[in-house]
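Chains: A, B, C and D, in written order; residue numbering restarts at 1 for each.
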């Protein structure tokens, strides 16, 4: 179904158009970007709708030769997991464009072009099943984001952008080594040189080799997710990035790490992943607690949110390595919910910075009377991010913890302790930013959220609520499609 | 068809000389005559200004084009292996093609600024250098190689010092003179030792007459390697490069960084064609050490630079290291990846220098601030080139580097690959830094004088387009570069037997019983 | 008595080492060029010796080549030195007055 | 019809809350008041109707399951959003909606003049909805929604007046402390879900499904942790006194009548599980007793009227936990009901007083208010009597009696403690009453208590006095309406009064009287200023026995201090080190190119020689 390529090509096309029109007039790019997103959503809806009923776990497939000499093809497949994350991408790119990038004054054409290019790269990552193609997209999506941060970021943007790029690119090269190692082992066994995911999944690996290759992938995805102690790029980047980029980073890009862990670590190397699981679980618990702990003591509100992401995504690691459909689906739900809640929080933090020209919570406080709408929305999403039952985050966290408890209660207990800490930092943020007495002599008249913001964020809230009270559709979709030859880690071995 | 005519009209002695060499030689003679006629013409020395340069440029361009066309002429009859001077095989054809294209590109750059109004001799020297490079690339015999090498470096000397009364250029020329002389003397001595050991002048790594005492052969190989490494500016023989590129005019710097390096690398590969580089033999070990030093050293060197020319010097040192990795990972992909990388490297470096030439006399990084706002096209082109050098998609350098890594992986060059990854992460820093500097808005919009000359514009556009297109669709070029060059030791089985600590590889995979 | 190829090679190596040493220790550019010439000629001598070992003329051919090219190199080198002087470099000392560094 | 009502009852307040939230403060206050009170009143009416229907024609098993939808069903785990209507939940619903309605009515008057009353009522109605979900849900995970929901509403309402930083801190403290218990509860749910495969209460409680042994003990302990935190029992009691920062109706509804009793409800609902865990039962009883006594002691030393009531709430909840620990489920629920009534009454009366004396809360600044506001005085007196357990005429007497009797049968020591508690209770509440309403006037009250506040006071006063008559010891009259009603859920009423019932009854009746007498002796109205006792014991008691200080010293401070030390994230130093190393190497290599051609030649020679050495080495 060639429309899969459309998911990548359409945003690229839109990017080109936005860039060109941006040279003509500074107001043109925004509508172009919005139109592109609408078309993209329509295309994805079409793809979702056109899925053949009962056609097995893989919903769509397309392939074309790319570098035949090396057995590299333009192969893309889509299963429920990809579909869910694609939808998340599309949904979250709306706030980016509708709210954040509207008031970009400096060369808006380029800004929107880069934004759309990033979305294209992410889409590619979510559907590529040729390992080299995947790696290509994996590296490709960094570039526009780097430019976004470098040009439109905040005061310390250079260092942040450098860290972001170096960490991801360096770990990406490790992944390249693993990919090639797998490819050549496969070639050594079958004589066929191919980068095809499904073919490579049949490779028989000695335990040592499997562990080595798995680690290469794991490091790359762990940097992206992020996993403590590889998280150090994230707080700086999220803090310094422009709001739209922060939303995109927190909402979507981190999810590529979780996606990679599921698709390429656990499914390609089931045994190695199983042997590695104890370490991964420990790292997950560490991330949950450490992220929450550091988030608690931050003064910069965006930094606080960034560390809270570290904490939330620790649950994803737990879920992925809990080796059970429960954990996997929980991890996916957690990713979606985190994308929505944290994305919204970054929108709010960005709005605060636009109005107060500071992110320092020591200089905030008592904003509720001045900005009632903004503050209430902030409170709502803070509560969402502390995992209140009935909202999406809780479903993810509960499923993950349940899956974790089955294999290791102590880790699960640590995770539950993380819930307490999450309440601590979320309410601390609310208390320091919105409640309490205003500093000095009150606030001047500040522009509150308008209809646009309230509508978009309300939609996000509604999605979180639906996800929290009726997550069944996502749960049914989000179990990754098993591979033909190698079994799911929890399934029967062939 | 002119080429074929010339081939028909040739005396048999020249029959085995590849066509491009002949075409270039003929072109040089014509250009020489033209210049001489004009000088001795009624006008006197250089009375009429622009016309001479234009005519010379046209003649040079025509020559290069014909030579390029000559690549498709029927291969000359090969003499006996012992006696033949040239090896006009596919490897040579590919290298020569690259050289000619690069020379064409350099010709397209602006010479007026470097050579004033009288650039005609510069074009002559450019042709000479190209000739030398092609001879080097194609030489199968020590004599041919040495002659080619000397033609190359002598014309380079002329080019570096071409601009009158410019101390930097002269100092660069002086350094190049001394060091090139020294290194070529060392190389020559190595050739002599090889000749003494083997008794023939073939341009290959000598095999010891009696394996019991390989000292003489080894020494010969190493001395020759020294010469080659110097010209390739591989660490630790790299120190001259930054100074020379800094002092030389931009087109000449491009010529040094691209043409002569391509030629020398092609020759290097040919020199080791008969040697098994996969094992733990000594030249391989030497090459590996030099490769690691070049990758790390070059990138570190560029990391500390604020002068773009010196920065490019460091990056070209590092890329020589990557190329050596490709050369060392003999196997199904070694030569192919090397050839592919040569093309990517040539395009990107040429483009980078062309971009520098578009904003002349501003090699320092600080003066490039806000270039995206002042000269967006130039800045964009330079960014594309740097991305290609850094190996960032969608530029071609991304695939090229991945290809080399694949080659090294297939040959279990673990240590080399680790060095490659570490050094290319260092490399990212300074490439990204240049891009960042160009993105940061300049305090005052002081656009450097002078618009881009048409030649440079066309060149930049073409190169950027090629870099992106080939980066997106590398298939055809990969097809073209595979099977150019079959090393003696096909890597398939030899790849597995690498036990030296330097090449500690992954354990050979054992098929596992079904679970 | 005549020298054996081995002796000739030995002599060539000595000359070569001398020339290299000269390049390394002499600071006067002119002398450095001369040392390079010495190295080149040592190489040429080595070729002749090798040719003597194999009773082939290749060595002599190479010798001729080297002579020619050494002459060319010397010419260009001297020209550059003159240019340097004309461009206002006070001395022939290779270590002083270098502007390209770092 | 019957199946339709429970969701409808939940929907009423939920809809009101949604409307109020979406109105985003644009709704005029009167409309907000009417909407909120009306919605809760409707819920109360529907609940009454439901009760009538249910009791007139009870289903055979006395339970009615209403499955709304499947919440999550994945990997063998299945959680449903489902309600169960049975006597226990019915009683709880009656309390929640009935008392809730009266308090909403009261709040209409109390919150008059507050600018964003809409936000207030939004949270209040949302709380009622969450509480109803809590008591109705038939699946523990669904119950957890309500469990956290009420916590959230409590947070929002304690911090309702956000302008003072202290209120926000109190709200945060309340949420965090209870959240610790919630985490324990969640762990318990995980354990049960792992063992049973689901969290449906009915299946959970099927005999032999979980079995006894360590698993049951662990599960019960974890659930108990949640209950303790929610019901402000030792060691989690620290949050409730601070929670008085909220408006008084909030204190009445959330922190006296309903939310804090959620723990009691949870344990009663899951009592078979606790029966399988004797150790946990014992712990429950002991903790209940300890809480009871400590809180009563603190109440005796407080000067703030609301804090007195807060500590008394803690202490009364201690009674309930004591009952639960001794297996007297029915008695616990009975006391829950009566306590909800008279404690709400006390809070509302106190609120009325506070309004009249310009938000003065220090009882030693009040006095002689009885004459100025006789109605409020009467209401407060009724509530106080019920709290003290004045024999025969008050509801508190009967419920406390039931607990005392059960305690005696469980362990006389517990009984003795409880009796002492009864004495203390009477003592401190009489103290409060005497100082506030009798004696010389210290702060002149102004204004008048409006009808919307008076009506609930009156209604609750009646209930506080007569509400106990539904359930009496046999020694007085064999009336067992409540226990019989609850029998299908909580099992047949245990024999309270096998032997010595009369003696116990007498003791239980004398203790409060003694307390009142002592209080009269100590604080009977006399001229001149009176000051609170200020010796060390009193100060300790006033500070709640220093739990706050200990926690702050041992947990909060070290945690935050370490956090501050590591604010820059030690892992973040690693990249900097690498960068520094790179820069150093670059400088080194740059220095190699010093421009001297001889040096360059030297490197070339060195490289060659090194290569040669490498060659001759092997």
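Going forward, contacts are C-beta pairs under 8 Å (C-beta built on N, C-alpha and C of every residue); 3 or more make two chains touch, one makes a residue touch a chain.
Note that this is a predicted model, so its numbers are computed, not measured.
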Contact-richer chain pair [C-D vs B-C]:
B-C
Average the C-alpha coordinates of each chain, average all protein C-alpha coordinates together, and give the chain whose average is closest to the overall one.
A
Roughly how many whole angstrom separate the Cα centroids of chain C and chain D?
97
Distance from the mean Cα position of chain C to that of chain A, given in whole angstrom:
65
Which whole number of Å gives the spacing of the CA centres of chain B and chain C?
26
Separation of chain B from chain D, taking each centre as the mean of its C-alpha atoms, in whole Å
79
Sites on chain A at which at least two other chains make contact
166
Chain D: positions in contact with at least two other chains:
590, 593, 595, 597, 601
Multi-chain touching residues of chain C, meaning two or more other chains, are 20, 23, 32, 94, 98-102
Please list each pair of chains that are touching.
A-B, A-D, B-C, B-D, C-D
Enumerate the contact residues on chain B facing chain C in the complex.
142-143, 146-147, 150, 154, 157-158, 161, 164-168, 170-175, 177-178, 181-182, 184-186, 188-189, 191-193, 195-196, 199-201, 242-243, 246-247, 310
Quick one: in the complex, what on chain D touches chain B?
582-583, 585-590, 592-593, 595, 597, 599-601, 603-604, 606-608, 611-612, 614-616, 618
Spell out the part of chain B that touches chain A in their complex, as residue ranges.
387, 392-394, 398-399, 402-403, 405-406, 409-410, 417, 421, 424-425, 428-429, 432, 435-436, 439, 473-475, 478-479, 482, 506-512, 514-515
List of chain C residues in touch with chain B within their complex:
5, 9, 12, 16, 19-20, 23, 29, 32-33, 36, 39-40, 42-44, 46-47, 49-51, 53-54, 56, 58-59, 61-62, 65-66, 69, 72-73, 76-77, 80-81, 83-84, 86-89, 94, 98-102
Taking the complex as given, what residues does chain D use to touch chain C?
590, 593-598, 601-602, 605
